[in-house]
Amino acid sequence: MTLSIWGVSVLLFLAGLAMVVLRRQLLAMLLGLELMINSVNIALVYTGSLWADAEALSAALLILAIAAAEVVVGLSLILKLNGAGAPVDSSGLSELKG
Amino acid sequence: MNLVPWSLWLLIASPVCAILAVFFFVRPRKPQWSHWPILGSCALVCLAATDLTSRVYAGMVLDVPVAIWMLGGDWYLPFGFRVDGLGTAVLLMVAWVGALIQVYASGYMKHDPGFSRFVLLFHLFYLAMIGLLVSNNFVQLYLFWELVGVCSYFLIGFWYQKESARRAALQAFLANRVGDFGLMLAVLLLMAMTHGNTSFSSVFRLLPAAPTEMVTLAAFLVFWAATAKSAQFPLYFWLPDAMEGPTPVSALMHAATMVTAGIFLLVRAWPLISSIELLPQLIGWVGAATAIGAGLVACAKTDLKRVLAYSTVSHLGIMAFALGFGETAPAVFHLLTHGFFKAVLFLCVGNIAHALGKASVGVDETGGLAAKMPLTFGCFTAAALSLAGLWPFAGFYSKDSILDAAFHQGGLQAAAGVAIAFLSSFYIFRMLFLSFLGPRREQRGPGHAHEGEPVLGIPVFFLSLGAVGAGWLSGPLSRLLASGWMLRTGMSPVPDWTWNGLFASQACALAGVGAAYFLTTLRPQWDWDWRRRFPRVERLLESDFGWKPTVAAFSALVVEAAGMFSRGWDTRLWDGLVESTADWAKRGGERAASLATGQLNDYLWWMLAGTTGLLYLVLR
Amino acid sequence: MVELVFWFSAILAVIFASFMLAQSSLFASSICLLAVLMQAATLFFLSGAPMLAFVQVLVYAGAVMVLIVVAVMASPGPAPASIWSRLSLPRPLVWAGLILPALEFALLLWAGAFPGGGSMGAALSTQNQIGPILFGPYALATEAVTLLMFLASLAVLDS
Amino acid sequence: MNSAAFPVAVLAPHLALGLGLFAALLAGMGRVGERPLRVLVVAALGAALALVWAWHRTQTGGPLIRSDEFSWLGQLLCYGGAIPLALVLSGGDISAALLLGSALGMGLLAVSGNLLMLFIGLQFMSLPGYVLVSRQGRPRSYEGAVKYFFAGGTASALFLMGLALHYADTRSLALEAGSGVLSEAGLALMGAAALFKIGCVPMHFWLPDVYESSSPELAGFFSTSMKAAGFLLLMRLVALGPDSALAGSLPALGALTMIFGAILALRQQGLQRLFAYSSISHAGNLILGVGAWAAQGARAAGAAPVFFYLAVYLLMSNGVFQFLRASSAVSRGDLRGLGQRDPSQAAAASALLLSLAGIPPTGGFLAKFLIFWELVKAGLYGALAVAGLATLVSLGYYLGLVRDMVFEEGDRLDRARQASLSRSLVWVCAAGALMLGLGPSLVSALARALGGGG
Amino acid sequence: MTLGWLSLAWMLPALFGAAAMMAGARARGVALWGSGLTLSLWFVLGWTYGLEGVESLSESGPVLAWGIRYALFTDGLSWSLCGLTAFLTLLSLLSSWRLRVSAAYWACFLWLEAALMGVFLARDLFLFYVFWEATLIPMFFIIGLWGSENRRHAAMKFFLFTFFGSLFLLLGLLGLVSENHRMTGGWNWDMAALTGPDGGMGLAIFLALILGFGVKVPIVPFHAWLPDAHTEAPAAGSVMLAGVMLKMGVYGILRVAIPAFPKLAWDLLPWLGLLAAVNVIYGAICAMAQSDLKRLVAYSSVSHLGFCLLGVFSRTPEGLTGGSLQLINHGLSTGALFLLVGFLYERAHRRGLADFGDLASRAPWMTLFFSIAIFSSIGLPGLNGFVGEFMSLAGMTRVFAGLAVAGVLGVALSAAYALPAYQAVFWREPGPGSVSAQVGDLDGREKAILWALTVLMFAIGLYPKPWLEMIWSAMQGLQL
């Protein structure tokens, strides 16, 4: 049982990572970011509940809130970027290099 | 300190004070008077030398350290004087000949713009030569040895505007420097072997205990240094070119005194040289070869000073030849007499050049000078007779003692002795007849030549007296040389002349004179014809049997190799190495920068790779 | 029975995650993400933290996904030629970069270091502690998170 | 709000910053000008510094709090690093609030004794950072901000995974050492996030782009305070497992970072990008310091060289970036002949550059010397050799800049120099860097404070 | 911590440097006062206290960190080198009297003097290293700001190369102190009390130290910076660079490397001696091929420093004392040569051998001083060059005769590069592009400077005993 929960959370984490690394659209990458954080939450909640440790659960709750905050910042940055110039994706963002 | 006689102090102090006085006081104000203090110091030096010689003749031998020159912990280097028979004998000749030549020079160089510089340098050389003769240890001898070399450099190159004078000066100094390489290494080896001693007495005392192959090397290196300074075979090439200097310089340095320093060193270090069994023979053979070779070349030279230069090389060869079979006293005796008559010959050539108003005189510009310049002709003839070794003159006594010993050795040495006797009389009388007797068709004749002013004449006259009378002093000389001689076996006295020795040497000498007379006056054009008929022989003699071109080629090779080495090795390799490390960093930067593509996904991929690496380390 | 539901939602979550990765349109991807988060909520519920599950649904379904959908709608422009990023590294290296961590985690899981045992449905009582903890020992953390969310909102303003 | 849960003494500086934040926002509503806002921010930071200095010995405990020597020294560094930015802050009340927020985040991270608190601190200091970068109004600031956001987001996700793994092993979120492979894996992941923050080589790619896109003074803030906070996080994690894989890999990573940063900086033409890579190189040096500290058992007193280096680097980096702002030079060409145009600035900048290069008698040398000294004591000779090589390469561009400024002929002295606060800040930092060089005794006092009294 | 006389010795020039920096137009006067006062301080201290008294002036403050403390001391060797520094600084400042330069020029020289004094007085290794590197900064600016054509490249190359060397020195010092700690348990940075480990680690540290000091000496493979730095530096700069800064390397070897590894230095003697001999020959050969006067003198310095090394590595009493005295001699003769070349450059802005000719008739005083300096540098007995060279060679012959042969060959070669150059500049008639017309003779100031150097050259050459005794007192510990 434990293996499967942690297995799922790891798989979801890696899916999120793949999303962030492989996808071109910034929003897709943001989704990937969200997925990574939530996958950790699953593992944390399960392990916490195993030892009846409420701290883990409250931590999971706070992490949820932090993830939300992060999405807000991410979305605002992406929208400002699109607003500023032609809508561009991650591969287009390469003026800063060398 | 108190046992040092006043004359020894005066000997050194007076030239030093004279030089400083002239440099600081006379030269800035009255350059044309700068020779008076110098001549005064010459007089004092002659006085001191004579007094020292009489003391040594009376039996006094002085070897006293005066001060500590260098000091390093328990290692120290003394500064001291050694006054013994050998030293004072040569000192006497050097002092008097030097003084007279400096009187002559103050007249000869009066109208030269660099007069005070000349007089100063000349007197500095005089001081250096005297210092060399009275020093009591190798390093001090090396000090004056080098100082003499430097003075000869500045004096040969005195008229530095002339390209030939500049090249001659540099050649002379570098040749001497090659010799000094040998002497310095020898001194270092001797010091290493005798754990820190340098004075002659202590070194010779401790020599038997030293490893033999090191002693042989040191002895050979001392001989190597002597060949450079006394113009023996391998390193003699600088002396003929040294004639570029003013005539008094050639007279004093390159005839009478400086070049004899090499022979003086060999005799001074005779206990070291004689302890190696093969070395004296080697010195003898080199001496013989030099004497004969130089004699031959002298016969073919046209410039008067070049003839005398090669004659000096030849006579130095004779002295070395004498040393070859252990005849140290005759060698020193010949050194003294040669000093006198060679100085006279040079000064006469100087007068001729002065009269003709030219720096150097060729054979075809003179001819028939006897009438115009009787005093010079008289002195020249006396010196020529002495050089040829004809009976009553000084040259006979010293040369005969050497030839006599050579004949006793028999075989090859005897043949060499005969050849030397014949050649030396031939080339000097050829020069005499060509320049003084009736102008020939090829010669332009004396022109308005006339006897120079008295200051040039008187020194020549006194010197010619020495050239004539010096021979009769062989008895007192051998007694003088015996006192303070370092070898236990004592110094064999100068053998007086034997009848059959007399006949043999006079025969050769007269044969030489006859041949010279025949070829110059009876066949006046001969001296010019044979050059046309035997061009190859002329080229051979002109190039000193091919030795001068080889030396020139060798020095050019060294300079070129240094240039190539420096450009190739130093600039390209080391600098190249340094510059390459700089652009190695730049190239590395280029490749690394290519990774920073600016793509966000690449960055994230790299982050992932980094984390995977860390995790791998955990799981390992 | 609880096992069955658990396995069902776990597999469903993974499937939806892979769909999300492969979808070309952003809208579809976000919907798949919502589905995965809902499965996560069910897993919370199964792990004995129903309140958390409820909060998860509330926060994500309610607020976050709405924001994202609006953002997706707001960003105009034709769908780009390919949804994959132009990685300048060679293809095999990229895949290795992704496969290797998976293997490493698999090794971790296989190593069995994880705390096992225990029934799926833990006592409900633990979730009652959340409140006192959040405002007890974790008070500083809660304060900090609220201030963080406030600061995040500043990002939206552009003066 | 019982006092146990909220140790007032420890959190006083954070309160001050929080109040400052809200005051700034209120002032913003009242259309207050730039200058009063700057004064407010500096006052808040100053108050926080004073409170840290005054009360750092009073309380240590608290549920999520662990306030030991590391935390008060860390706070001093973080708040100190923000002051130069505060003095020249532009961007109105929002930027002021964001700056104070970020500083508050660093403070939280410094005093946290709990993994969750670490995560919150990490996010708390990063989010305002992303927004600050986007608000610079420079041509590519949005691009920089987005890159920074996604890189930072991924790093914090990794940190979270590490946290979960560590929790799975130690059953508690407290900052204690775990024994199993899981806790070491957790440490590794959390360490990766910390290494990202300080710009260690494989995770450094974001740093030059962000520094180039942000304004010089902001880059100064990032390179000093943010880096100090990153190192504080790294040292907390390494303290958990001195012989863990993370601690073991530090010397290699540090050496790689140093040489990589130096070589890349050598070819840069843009000055901000050059100093970004130079800050990566210095980070490599610090990583070596932490590696040597870990190799010698990670005792508290042993961390003195790292803290001294951070302090000197704070002055040097802020000084250099303020110089870039004062001279508004963009590429290396702009500096050519500055020696003639503006001798005093050129002199101060040269002093700073020589200190960055690590030439005695500057502070930079003493800092680098202490790190080399630790490497020798820890026996890490390979890393020492690479560090030496990197210092030599770094000399190439530091001296290159000095050469461009001082040796090239510029046009005559231009009188019309706008006397700005940055110019004096450059002098203050240069003087500070040189003074620190003269006092090895400072270092021993630091060591005593760390190891002994506390 | 009470600051004694020795601290004043290096702080005085530093303070005057700062004053000169502020003095603006009057910087020249302030600088002269500063260097003059330092020289007189050196002389007064030496005179009133005598050598033993000066050694008792050593001072050491409290331990700052890990055994590092502010400690100064002096003995025969370091006191004579301090004298040389003060003397040459005064002369080089006097020689650049007419240059139109900014106040920074004078300040840099005084700071350079302060750093050099510090190097020769430092007892604590950390302090030694700080002063050692601090000398680089003023020299970097002197070459870079007031040098000739491609001064920038030369300054960069000089700094990078010497820094490369001092990195090795740093690693060596750190290794030495940590190994010493491992052996004795206590932190000790005192130069005199440090003994290195033996075995592989000891060898590594010794080689690092020799490399670190060798770059400064310079030992041949690491001399690439020297010709450029000397050619491009201003005249006064090259006097300081050749006159004093090259000596820091040999001083370091004498003071740090040999006392810490006495046995190892003896075992490695053949290799170290070989390095020195290569230095002598290599420098002479490269000098022969130079067409620029300054580069020629620079390469001759490489050859002369080779003699110092020969003497020092022989570890015999006469070798050590002779080698150390050669440091002073080389300072005087090369200082004089660089000053003369500087005066030539000041008048005609050219340094090539082909650019001059027949200066003997145009500038007799310059010819006199140049010939004395050139003959002192090729080791004419009676002048100071010979004393140092002969004692070094005497020392090395006793230990390893083969290397002494190379040394004596170097003496012979020195004439081969010096005299052709002398003739090209002073005797040869002016070539087509020559600028001899612009060269006037020396004026009073320049003559006074060169008289000071020439008198010293003769004094050491003819009666070196007092100097040798002073240096010997410092050499007791080093001999084998």
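Brief remarks on what is shown
The letters A, B, C, D and E name the chains in turn, as written, and every chain counts its residues from 1.
Rule of thumb we're sticking to: a contact is a pair of C-beta atoms (placed from the backbone, for glycine too) under 8 Å apart; a residue touches a chain by one contact, two chains touch by 3 or more.
Because the structure is predicted, anything quoted here is derived from the model rather than measured.
Among the remaining chains, those touching chain A as well as chain D are B, C. Nearest to the overall CA centre, using the mean of each chain's CA atoms, is chain E. Annotation: B-D is the more contact-rich of the chain pairs B-D and A-B, by number of C-beta pairs in contact. Using the average of C-alpha coordinates as each chain's centre, C ends up farthest from chain B. Chain D has its Cα centroid 32 Å from the Cα centroid of chain C.
Between chain A and chain E, the centres computed from C-alpha atoms are 66 Å apart.
Averaged Cα coordinates give chain B a centre that lies 104 Å from the centre of chain C. Taking the mean of the C-alpha atoms as each chain's centre, chain C and chain E sit 72 Å apart.
Across the assembly, chain C contributes residues 85-87, 94, 97-98, 101, 108, 114-115, 137-138, 141, 145, 148, 151-152, 155, 158 that each touch 2 or more other chains.
Looking at chain E, one finds that residues 160 touch two or more other chains. For chain B, residues touching at least two other chains, in rising order: 582, 593, 596-602, 604-605, 608-609, 611, 615, 619.
Chains touching one another, given as pairs, are A-B, A-C, A-D, B-C, B-D, B-E, C-D, D-E. Of all residues in chain C, only 108, 111, 113-115, 136-141, 144-145, 147-148, 151-152, 154-155, 157-159 touch chain D in the complex they form.
Within the complex formed with chain B, the residues of chain A that make contact are 17, 20-22, 24, 29, 90-91, 93-98. Those residues of chain E lying in contact with chain B across their complex are 157, 160-161, 221, 223-225, 282, 285-286, 288-290, 316-322, 358, 360, 375, 380-382, 386-387, 390-391, 393-395, 397-398, 401, 404-405, 408-409, 411-412, 415-416, 419-420, 423, 426-429, 463-465, 468-469, 472, 475-476, 479. In the complex of the two chains, the chain D residues touching chain B come out as 146-147, 150-151, 154-155, 158, 181, 184-185, 187-189, 191-192, 195-196, 200-203, 205-206, 208-209, 244-246, 248-249, 260, 262-264, 266-267, 393, 396.
Across the complex, chain C is touched by residues 1, 5-6, 11, 18, 62-65, 91-94, 97-98, 101, 104-105, 108, 114, 116-117, 120-121, 123-124, 127-128, 130-131, 134-135, 165, 168-169, 171, 180-182, 185 of chain D.
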